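Quick one: the structure is below, questions incoming.
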Amino acid sequence: MKASSLRYLVHQGVTGIWKNRMMTFASFCILLVSLLMVGLASLTAINLTRIISGIEDKSEVVVVISDNATKENEKELEKHLKAIPNVHTISLYTKEEAWEGMLDSMTEEERAFFKYADENPLPDTYRLTVKDIEIMSDTTAQIETLDFVESTQSPTSFADVLISIRRIFSIIAVAVVSALVVVSLVIISNTTRASVFARRKEINIMKYVGATNAFIRIPFFVEGMIVGLVAAIGALLMTKFAYEGVYNIFSDDSVIWVIMGMKKLYSFKELLFPVSISYLAAGAVIGAVGTSISTGKHLKV
Amino acid sequence: MKASSLRYLVHQGVTGIWKNRMMTFASFCILLVSLLMVGLASLTAINLTRIISGIEDKSEVVVVISDNATKENEKELEKHLKAIPNVHTISLYTKEEAWEGMLDSMTEEERAFFKYADENPLPDTYRLTVKDIEIMSDTTAQIETLDFVESTQSPTSFADVLISIRRIFSIIAVAVVSALVVVSLVIISNTTRASVFARRKEINIMKYVGATNAFIRIPFFVEGMIVGLVAAIGALLMTKFAYEGVYNIFSDDSVIWVIMGMKKLYSFKELLFPVSISYLAAGAVIGAVGTSISTGKHLKV
Amino acid sequence: MVEFQDVSVTYNSSGVDALNKINLKINDGDFAFVVGPSGAGKSTLIKLVLKEIDATSGTVLVNGFNLKKLRRGKVPALRRTIGVVFQDFRLIPTMTVYENVAFVLRVIDAPAKYIRSRVPYVISLVGLSDKAKCYPTELSGGEQQRVALARALVNDPQLIIADEPTGNIDPALSYEIVELLKSINECGTTILMVTHEHDLVRYFGGRIININKGNVDFDEVVGGVQNES
Amino acid sequence: MVEFQDVSVTYNSSGVDALNKINLKINDGDFAFVVGPSGAGKSTLIKLVLKEIDATSGTVLVNGFNLKKLRRGKVPALRRTIGVVFQDFRLIPTMTVYENVAFVLRVIDAPAKYIRSRVPYVISLVGLSDKAKCYPTELSGGEQQRVALARALVNDPQLIIADEPTGNIDPALSYEIVELLKSINECGTTILMVTHEHDLVRYFGGRIININKGNVDFDEVVGGVQNES
């Protein structure tokens, strides 16, 4: 195919956008909405994962060390603990630190009592964080078989909650995202099919004067791709707007973050590159493929 | 208009659904998706409101009563507290009850100490719930001016969190729902306009043989209404399915509910009637009006 | 009755002056042939009568309606008094031949019983009884033209306008079609027929209006060969 | 060269036998008129040549292609050797006259320079130079028909098929159009023209193929009035 012909076909595609502005606008809207919704759902999912892993990092197993353990025994125990695959971090919390912490967390009245306590009854402990919260109970069982371990305290109920939350979130996210993807495809293919249907006479006539299928498809392809790219840019701007809005709300209310013990959300800047690439690629591919696939039916003349 | 003519026009509308099945299917998909998404967003919002109001009910203000208050003074104080408009419920929590509760919440080691305490150092308290959590700080300020009030402890930070959560949720819900409504309208009007565009010749010819606008519009109207109703039924079934799926997940993990202190979600049965009515009405109206409005442009011949 | 008083039409999009101060009166019961070269303004004349377009200047009177003053809502009433055969047929592709004809009657709210007897009769008049259930795309060009004619006849209008009703029809059938129009004319219907077939005009004679470059060149009653023999 | 060997066509949807065991051979350089009553099967014959439909039985050979064996991908190659004027014009409503004609050349990947000189020339041949920028809806019926003719001529095909190319054109212009086709024929292009206008056929003479109810009734070369004078 000559360069001039290709230039002509691309030009046809570009002018087609205006000629079929009504249909084009519909495709544009649908693509924009789909990209926006799938994008926002994905961003939410990404951030939820980060938040949950933040909570995971904070959930500690307390290993109570026997009263009769010497410093050497404790060092020995630490080595054994470190050898357990699921153990992530490990830190010693002496009975003195524990005592301070306990006093700090008490009300004035309660504290009044402990002033008179003559001996610190609290034990030395190791505080562990785990890599995978879901197998925490196996890990604690393993720890309890070690020497000089008096007992372990793990936040089992809190872990259960976290696991449940993550399960629910992932089910909902997967359901929402996959529903949206399917729905977008149905709608886009319908709209482009409608657009092609409106131009079926034109396609028909082209076939009669000996046009090849490629000749007929290229303008549709170009048109679809441009619409897809523009929709992607629109969706990107709207995503930025929506995301930063939510981001600012959460940043302002720092109390929540402290209480929920979550890491901060990703900033939009951190996500800009992958999000832009995904949007533009998805927009162009869906637009171009969607449009040109639906021409197929009318090419059989 | 004769009954036979009306019957003919309705019949035209019904057969139009099959004749324009491609376009009809597109309208159907869009209506279904829109109804589904707006519906699910609304249901989520309704349930969030219920959950938040559940949490609100549980957030108590503790009014610490002076040591020197007699039983009569306490009764007096109770009357004054009840007179404050924002106070919802009020209950006395004696120092003995407080002591029991405190022991219960302690670890084994901590409890060991208190066994030897000879006197209960805790005060009597009133526990209040408020009607509107947002003006809680005003209410506590007012309470502190009353006689025999030693101090108040309100979960200010927790209240702040709740208020923030509610604010964020309502902003997101309003944004999501209104975006979806706008988007659905744009898409539906585009699709129906496309459908009418594909039939503009037919409409044109009808005008030439002296058809009135009503004559041309009725079949479109009927067609749109039927499509809208069918889409509403589809959306209803899918909503039921999705809603009950989520409902069951939450019901199973009762731990979460206990910890979060939330009321249960509405069951789908409770919501069935209003949801059905809204879906069917919205489907029929959007379908019928959307379709027949977009015929207008082509009637000017 | 159709009357044109100093009517001009200029198409804005192309700037073409399709008609220049035309004066023409067609009385009730007339049968007139409109002839003239391609692009002379014949179809434009017909578009005016149907109020598809409005005159740039001048007055058009059709069956008692003054088209300049006619409100939008009254246009259907005007069109119900006119039957038209369009140059490009304008059949509805999604309807069968029967439905294409019948729906003109449905538009005017005719009784179902009348429709069931009238439509097959008109279709038989144009010789298409065995194609009544076909769709327009399944017909030959001439057959489509005859469906368009049946549609124009079916509601017994005061005025029938036919733009090239014999353009795709073989000569023998053309004569039959004009005979049919003549017999309808004899029952009092005014007929205006645009044609390029000089043979037909020569044979039947009658009032001949020749339009050329937007002007009426010639407008006289001419005796036909038919009547001489 | 077009050759039909025992070709029959039955339309499934209506059950009509449009052609019955037709045998016909049109040699390169021929000029043939195809005549016959409405619904005889003339347009069906043309649809066969374009491979718009396939013969129910029999063999169709066109410009060296055996249409029965022709693969889908080769159909554009066949069609590029044929120029067609359709009975219903089939212009693309979203393109101007110029574009409607030019895109046939773009389809065959002609150089832009050639397109810029060839298209205006062909449009001037059919007398529409001043309408080149109009859209089909802005043209009269006859003008549309001439655009269709220009489109058929533009890529200098081996074979031109014209279904009623003068159906909406006034007699004077009709003669000019046939003269034009004749002169193209003299340069070696085969021409197959369907018409109902017996005057034209009588005047020009040449090979006349009469089709009636799906059969070839008459196929002879007849001297024209033109040549006698």
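All chains are identified by letter, namely A, B, C and D, in their written order; residue positions are counted from 1 within each chain.
Note that contacts are C-beta pairs under 8 Å (C-beta built on N, C-alpha and C of every residue); 3 or more make two chains touch, one makes a residue touch a chain.
Bear in mind the structure is a predicted one, so any value in this text is a computation, not a measurement.
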Which number of steps is the smallest that gets you from subunit A over to subunit C via touching chains?
2
Max Cα-centre separation from subunit C goes to chain A
Please compute the C-alpha centroid of subunit A, do the same for subunit B, then give the distance between them in whole Å.
25
Separation of mean Cα positions, subunit D and subunit A [Å, integer]:
63
Roughly how many whole angstrom separate the Cα centroids of subunit B and subunit D?
68
Taking each chain's centre as the mean of its CA atoms, how far is subunit C from subunit D in angstrom?
29
Multi-chain touching residues of subunit D, meaning two or more other chains, are none
Sites on subunit B at which at least two other chains make contact:
none
Residue positions on subunit A within touch of subunit D in the complex are 1-2, 4-5, 8, 19, 199, 201-202, 204-212, 215, 300-301
Quick check: in the complex, which residue numbers of subunit C touch subunit B?
50, 52, 72, 75-80, 82, 84, 86, 90-94, 103-104, 106-109, 111-112, 151
In the complex, the residues of subunit C that touch subunit D are 11, 13-14, 35-40, 42-43, 87-88, 131, 134-135, 138-143, 146, 163-164, 167-174, 196-199
